[in-house]
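Take a look at the following structure, please.
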């Protein structure tokens, strides 16, 4: 910490460096936007999937589960639930069967009383999610 | 306190401490739910308690940042706040909006809250940390704009110090990046991609600027080291923060459907993210060692040094542990992430807010520079209790995480999630007990505002014998 | 600008040894950080190549080595011009310094031009970051470096303009030395990148 | 003019000419399509040598003592060693 380094130069590096890496980040974002159609399974996004995503959101599923590894760590990963639970029927059956008052002493998913259409939408959303190219994550079916 | 209008900060700090207490209470509920699964079910399910826990954290940190800005900006700019009235008004708007939101979480089912607040018109709810109803989010934007206007006008018409400019850049970035919270496409990958522009670029970007400038301010005041020296360090540190942190966003783009080159870009840059935190630690200790005076507020200096160390450990070291893509492949979304999150948020952001409160509160409560000896001793006890218990919470969660990763992801016979959770319950119990110690620390912290408040102030500063 | 021990020694033509390298130490801290990033990328390239030797060798053959040679010469020449610019300002020859800086800028622009035609060629063939692992590294490394050259050229331009306005003299020219050091770093990185990505197989 | 120009060549010009020469050697090695461990390490060695010439000659670290004197060289040796190891190991994988 001698006078060999000056505030003016430190300031230049802050502004210049930040701008530099921001531009680089934007360039990478631009490339990502171009590459996403091959990976994000967007052709599978139907009205039903969109409805499922909305239901996923307004019931705060992310408050217990992870989806592609992001969310809360209280309940299982659901990015691959479609595969783990054996397709849409497995998902729908599980959600429907949750007891209203929980399970004594154990964690339990609440009973949301979804309609059949809603259940189908959620299952469609999880099917779409399971087909996103996630670079082979999670490492195995247990999520 | 040199300017009348700085007193506005007292409101903000008081609210911050109150919400902090709420956050810890809900943290304890969550910790118990991890081991007693049906605790408070179905009245307060886990997801609701977690939402309250994390949202209170964000809100009290924001209150702390705003209070810090209202306190230090006038002093740095050498003029009164542009509009103290607006600051008070915005305080109440923010507090009421925040309280209503939290009550909404607790009293109404989340889907009902979404319906009541018209989420269908502009769906933004139900994403981690951004669970607030859209109307609350709009409120946050309004409060942030009014706040920026108030702070900006004060800074631009007064003395322009580096501390003030960096703070202003950080706060502006905070407000601008929050706008991405309104972007919620049906495409899950794009949703997640831009969600991180709020979350990552906040906590590993602009918030670090705010942290740096608050820390620099407290160090200037308590050590008496030449402003020039501290300011140039501040520039170098925040330059490194953004250089590593912006592309470092890539460490969230490994497994969410984004192109695989992010595994390289993210790993390379986020591997360097500990550097600015390390520099911050070196910087803080260096400044204190070169102090020109012994400030009577020893508690504030302790908090400042603690922030530097814990931010480095929590954000730097624990972040590095699982940031490289090959490691993250196994640890992504496990208790390792939770461990890192706890120590990083406490070490970097909770502690910096407690630092500025510790420094500023005595003066706003009529002291010349510091609290009485008894009060400071109690505050330092609370520092050690909270900090050490947070270290242990992190260690226990790390233990839980390592076991979880092995049993669920790495071993030859991967076990289901819930089976693994039961096998690692011991760590959750240890975490919960440590959480109670943290609570004791918090109680002592709050008590330190009342104990010894009639006692005389710690003797006014003496000149330090030049060390180093 | 700060004067003192350093400019006393730096200002002379034949400096004795000093504790700090030429220019502002802040720039050198920045240089170290940049070198760290490039080092990780280089090593990552080499170790990833271990797993895909055939693929790397195959696609390395699609690169234009002649363009890379010209680019290497352009950067080395630019660096040399920058050295002459610093030498000139140390002797107080402001006009000489300005001319050398302009010449260096020209060489930097030549690099950007050649590299751009290479990129245009690759993009025309549909090569992207996601095409394969070799191209991912090739584009990442060279584009990251490319942006450094852009920044370096901007720095040289600013310095040339400021030298022209008489901002520096024989005693006070730390900014010129700082910019020069940064430019040499950009050159240095390319000198490793060129054989690693274009030649070694 | 100064003492520098009275010498037959400036030291930095000499460094520059050496750099150009080494670059051409590297390019020829690539041009001829030479292969094998020996060539690879020769090219890598030339690159490190050129890097050191930049650091010492152009960046002026020749005149610096202490940490900064060795910063560039350390970086070069570190990168060179790791890259060298990777290329050495990969030769066995053909």
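We call the chains A, B, C and D, going by the order they appear; numbering starts again at 1 in every chain.
One rule holds in what follows: a residue touches a chain if its C-beta (ideal position, glycine included) is under 8 Å from a C-beta of that chain, and two chains touch if they have at least 3 such contacts.
Source: prediction; values computed, not measured.
J.: What is the set of chains touching both chain B and chain D?
T.: Both chain B and chain D are touched by C, going by the contact rule given at the top.
J.: Just to be sure I understand: the centre of a chain is the mean of its C-alpha atoms, right? Then which chain's centre is nearest the mean of all of them?
T.: Chain nearest the overall C-alpha centroid, as shown: B.
J.: Select, from A-B and C-D, the pair of chains that is joined by more C-beta pairs in contact.
T.: A-B
J.: Where the centres are mean C-alpha positions, what is the separation of chain A from chain B, in Å?
T.: 24
J.: How big is the gap, in whole Å, between where the Cα atoms of chain A centre and where those of chain D centre?
T.: 48
J.: Centroid of chain C to centroid of chain D, CA atoms only: how many Å?
T.: 15
J.: Cα centroid separation between chain A and chain C, in whole Å?
T.: 41
J.: Could you tell me which residues belong to chain D and also touch two or more other chains?
T.: Residues of chain D never touch two or more of the other chains.
J.: Could you list which residues of chain A touch at least two other chains?
T.: Touching at least two other chains: 5-6, 10, 13, 17, 20, 24, 31, 35.
J.: Identify all positions of chain C at which a residue touches two or more other chains, and write them in rising order.
T.: 19-20, 26, 29-30, 129-130
J.: Which two-chain combinations touch?
T.: Touching chain pairs, listed by label, come out as A-B, A-C, B-C, C-D.
J.: Going by the contact rule at the top, pick out the chain C residues touching chain B in the complex.
T.: 26, 29-30, 33, 36-37, 40-41, 44, 129-130, 136-137, 140
J.: For a test of understanding, state which residues of chain B touch chain A in their complex under the given definition.
T.: Of all residues in chain B, those touching chain A are 33-34, 36-38, 41-42, 45-48, 50-51, 110-111, 114-115, 119-120, 123, 125-128, 131, 162, 184, 186-190, 192-193, 228-229, 231-233, 235-236, 238-239, 242-243, 246-247, 249-250, 252-260, 262-263, 265, 286, 329-330, 332-335, 337-338, 408-410, 414-418, 421.
J.: Using the touch definition from the top, list the residues of chain A that touch chain C in their complex.
T.: On the chain A side, the touching residues are 2-6, 9-10, 13, 16-17, 20, 23-24, 27, 31, 34-35, 38.
J.: Which of the residues in chain C come into contact with chain D in the complex?
T.: Answer in residue numbers: 13, 15-22, 28, 32, 35, 39, 42-43, 45-47, 49-50, 53, 65, 68-69, 72-73, 76-77, 79-80, 82-84, 87, 91, 180-181, 184-185, 187-188, 191-192, 194-196, 198-201.
J.: Provide the residue numbers of chain C that touch chain A in the complex, in ascending order.
T.: Touch residues, chain C against chain A: 1-2, 4, 6, 19-20, 24-27, 29-30, 128-130, 143-144, 147, 151, 174-175, 178.
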